[in-house]
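In what follows, structures are represented as structure tokens.
There are two complexes below, and they share subunit A, which is joined by subunit B in the first and by subunit C in the second.
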Partner chain A sequence: MIAKNTSVIKIYNTLLVTVPADPDDNTITELQEHVLESMEKCVAKGVILDISMVETLDSFFARTITETIQMVAVMGGDTVIAGMRPSVAITAIQLGLNLGNVRTALNVELALDMVADFRPGGQK
Partner chain B sequence: MMTGRDACEVSIDSENEMISVRKVIRNVATEMGFGVTDVTRIVTAASELTRNIFLYASSGTMIWRTCEVNGNTGIELIFEDHGPGIADIEEAMQAGFTTGGGLGLGLPGTKRLMDDMEIKSQKGEGTVITIRKYLRRC
Partner chain C sequence: MQAEKSKEELLEELEDLRRQVSEMKKSATEANAIFESLKESEERFRGLFENASDGIWAQDLKGNFTWANKITETTTGYTLKEFLGMNIAEIITPESLQEARKIKQRLMNNELLPVYELDVKTKDGRVVPLELNSHLIMKNGEPFGVEAILRDISERKRIEQAHHDSEVKYRALMDYSSDAIVLAEFEGDLIEVNRKAESLLGYLQEDLLNMRFIDLHPQEEAERIEGGLAELYEKGSTYLNDILVLTKSGRTFPAESTATIVEYGGKKLIQAVIHDITKRKRNQEIITRQAQEIMEISTPVVQIWDNVLAAPVIGTLDSQRAEQFTERLLNKIVETNSPIALVDITGVPAIDTRTAQHLIDTISAVQLLGGQAILTGVRPAIAQTLVHLGINLNGVVTRPSLAAGLQVAFQKLGLQIKNNNEL
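So, the complex of A and B:
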């Protein structure tokens, strides 16, 4: 089953994954598989995880995201986390989540700039 | 859900309850007048403790209620289970310590997100964790 409310679309060589607002643990696990399968199917070079709708980022969610980034990396892709809300950023850091090595962007537009070099003829 | 009441119990016996606990707490805390950052802190703390219950004890309950401590109004959440209990609470409160294969952030992280946290646990009997967050008035 594909995680409901999860959209994965391909923009040039990048997958744009929109994470639903309040996913349960199963949805998060399914999302991880869905992203990795889409990497292979779409021959993508990178992934943008849009978490701008996410209201609660707890330790399980964060661990799955960190894992997904590592899995995408071993498949040869880069990941950018985009759109973390201020309240989620405050809570994540105070909870002690270590997202220090994760590439992040304020929003999807800036994340697309960061992965622009994946595009054919990209400038960045 | 449960608007206009100042206490309610939610039973936790499957992962699906994570969503209902988060929804209930988000609504209650927002209605009480907590700002979006405090609501996120409270909901995230509740999410950690709810996951601990079905991870370690498989079932339990969460009770939320409004509370008044030293003139401060707040929300109080009590998580109770009859699971294996916590052998060494001090150890469990250390960042990185886990017996469940997680990150070991749940308990120390929850303490940082909330104003008060009390843990009572008997090995083999179960665990009761009470957390509180107070409304700040200027």
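So, the complex of A and C:
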């Protein structure tokens, strides 16, 4: 079952996942499944989680994202979180939410730069 | 002839004589009884007269005292013996003497006089105010002298004066108060206002006395006033801060109002003190604005190169400032799309655990955003403190100066600085 709320776009060997604004717990769980299924289908090398639309952050969201990143890693992928809003970052720090040693980027463009070998021919 | 009187005649005469003697005896007993009763009544009146709490004196038409009761001694300080040889002119003040002459004239004209006052000079030189009630003594239909009942009213005068003084003090307090003071009936009708109330509210006193307490505030404050009055009735006092007061011209100003229930003569009244806080509020606003400005000035965030921001921290970093600083830095990073931020702490006088934690939080937030923060300006003293405090800066790139930090930024961006002179 592919979630309707989330979009996962494959660009060459990278998956671009856009997290919808104000995601509820179900959406996040669906998102995780969606990402992992796509990993299997497309054999992607990298995943970019675009959270620029997310305005609030809770512990469930943070934990699921961290888990997803670990799962993607187990499946041989490299994840970058892109476009976190300042208010979300401040909340995360205040709540003491830990996203671990996750790679982050200011926006999707910079994130694409960080995901290795995403372009055909391997040049950066 | 006498001798020739018959026996019957003699007997008749004897009988007559006997009757006369018995009548005389009877009238002598009656006279004695009348005398006794007169004596008793005289004693009773004398007692009353001598022991009266009010002084009583009499004088002839020239003003010489002819008699006086005992209390006169206490009042004037003269013994009765001395007193009875004196004239009224000797014991009263010159002003009172004139008054006394007028009184006498009026008495002679058969006027009925109300109670009047005279000042008496006592033997030891004090002046004692007396209240007198005089009338003319007549003898054989001719004026003979003046009799007066007198009372020492110095205590009453003293109380009156004290009352007057306290009234003057109260008025001075009311009228020279820098706050408006109003007194209202329990139901809210104003009954007394001070001068400041007039100038502050722009109304004349007579206007205010026709107004109600609630009229002094604009409509929008009606709810707060009602709440305040409810509290006042319940607790006996209330304090409303920053409440708007309405003036006659329709202008409003902020004030603080303290109201208490006071009791005057068994009647409950509301007394309210209204203090204009326009100036205080303006000053507070200035202070708040300046504090805000200082905060912004002390944490500027500037873009010093493409993709590179510099954020010098000046002064101590408390929680509030740290929060603001983080917010400004993150917003600027997103706004300018600059992934590298140089947080410079050269201007921080001393670092402690809390300040360090704030900095670490800021740097973590920058990393979450996808940027990278470099902590620059770590002077030897700060380095020592950080190590001594056991603060873990793992994962944070630190450099001793802003210049060194900029070099790191250039390396990360793959930029090189070339010295043209070497060519």
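Basically, the second predicted complex is superposed on the first by the 116 of 124 C-alpha atoms of A that agree within 3 Å, B and C clash if a C-alpha of one lies under 4 Å from a C-alpha of the other, contacts with A are read in each partner's own complex, and residues count from 1 in each chain.
Note that a contact is a pair of C-beta atoms (placed from the backbone, for glycine too) under 8 Å apart; a residue touches a chain by one contact, two chains touch by 3 or more.
The model shown is predicted, which means the values in this text are computed figures rather than measured ones.
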Checklist entry - Fit or clash for subunit B plus subunit C once both are placed on subunit A? => result fit
Checklist entry - Of the two partner chains, subunit B (first) and subunit C (second), which one does A:95 touch, if any: first, second, both, or neither? => result first
Checklist entry - After superposition on the shared chain, which partner residues are touched by A:36: those of subunit B (first), subunit C (second), both, or neither? => result neither
Next on the checklist: On the A-aligned overlay, A:22 touches which partner chain: subunit B = first, subunit C = second, or both, or neither?
Outcome noted: first
Next on the checklist: In the overlaid three-chain picture, which partner chain does A:84 touch, first (subunit B) or second (subunit C), both, or neither?
Outcome noted: second
Checklist entry - A:105 contacts which: subunit B (first), subunit C (second), both, neither? => result second
Checklist entry - Is A:11 touching the first partner subunit B, the second partner subunit C, both, or neither of them? => result neither
Checklist entry - When the two structures are overlaid on chain A, which partner does A:75 contact: first (subunit B), second (subunit C), both, or neither? => result neither
Next on the checklist: For A:53 in the superposed arrangement: first (subunit B), second (subunit C), both or neither?
Outcome noted: neither
Checklist entry - Using C-alpha centres in the superposed arrangement, which angle lies between subunit B and subunit C as seen from subunit A, in steps of 10 degrees? => result 30
Checklist entry - Between subunit B and subunit C, what is the shortest CA distance in the superposition, whole Å? => result 5
Checklist entry - Just which bits of subunit A does subunit B share with subunit C as contact spots? => result 85-86, 88, 90
Next on the checklist: Which stretch or stretches of subunit B touch subunit A in the complex?
Outcome noted: 15-16, 18-19, 22-23, 26, 36-37, 39-41, 43-44, 47-48, 51, 95, 102-103, 105-106, 108-110, 112-113
Next on the checklist: Under the definition above, what is the set of subunit C residues touching subunit A in their complex?
Outcome noted: 323, 326-327, 330-331, 333-334, 337-339, 361, 364-371
Next on the checklist: Which residues of subunit A touch subunit B once you look at their complex with the stated criterion?
Outcome noted: 22, 24-26, 55-60, 62-63, 85-88, 90-91, 94-97
Item to check | Sites on subunit A touched by subunit C in the complex | outcome: 80-86, 88-90, 92-93, 99, 104-107, 110-111
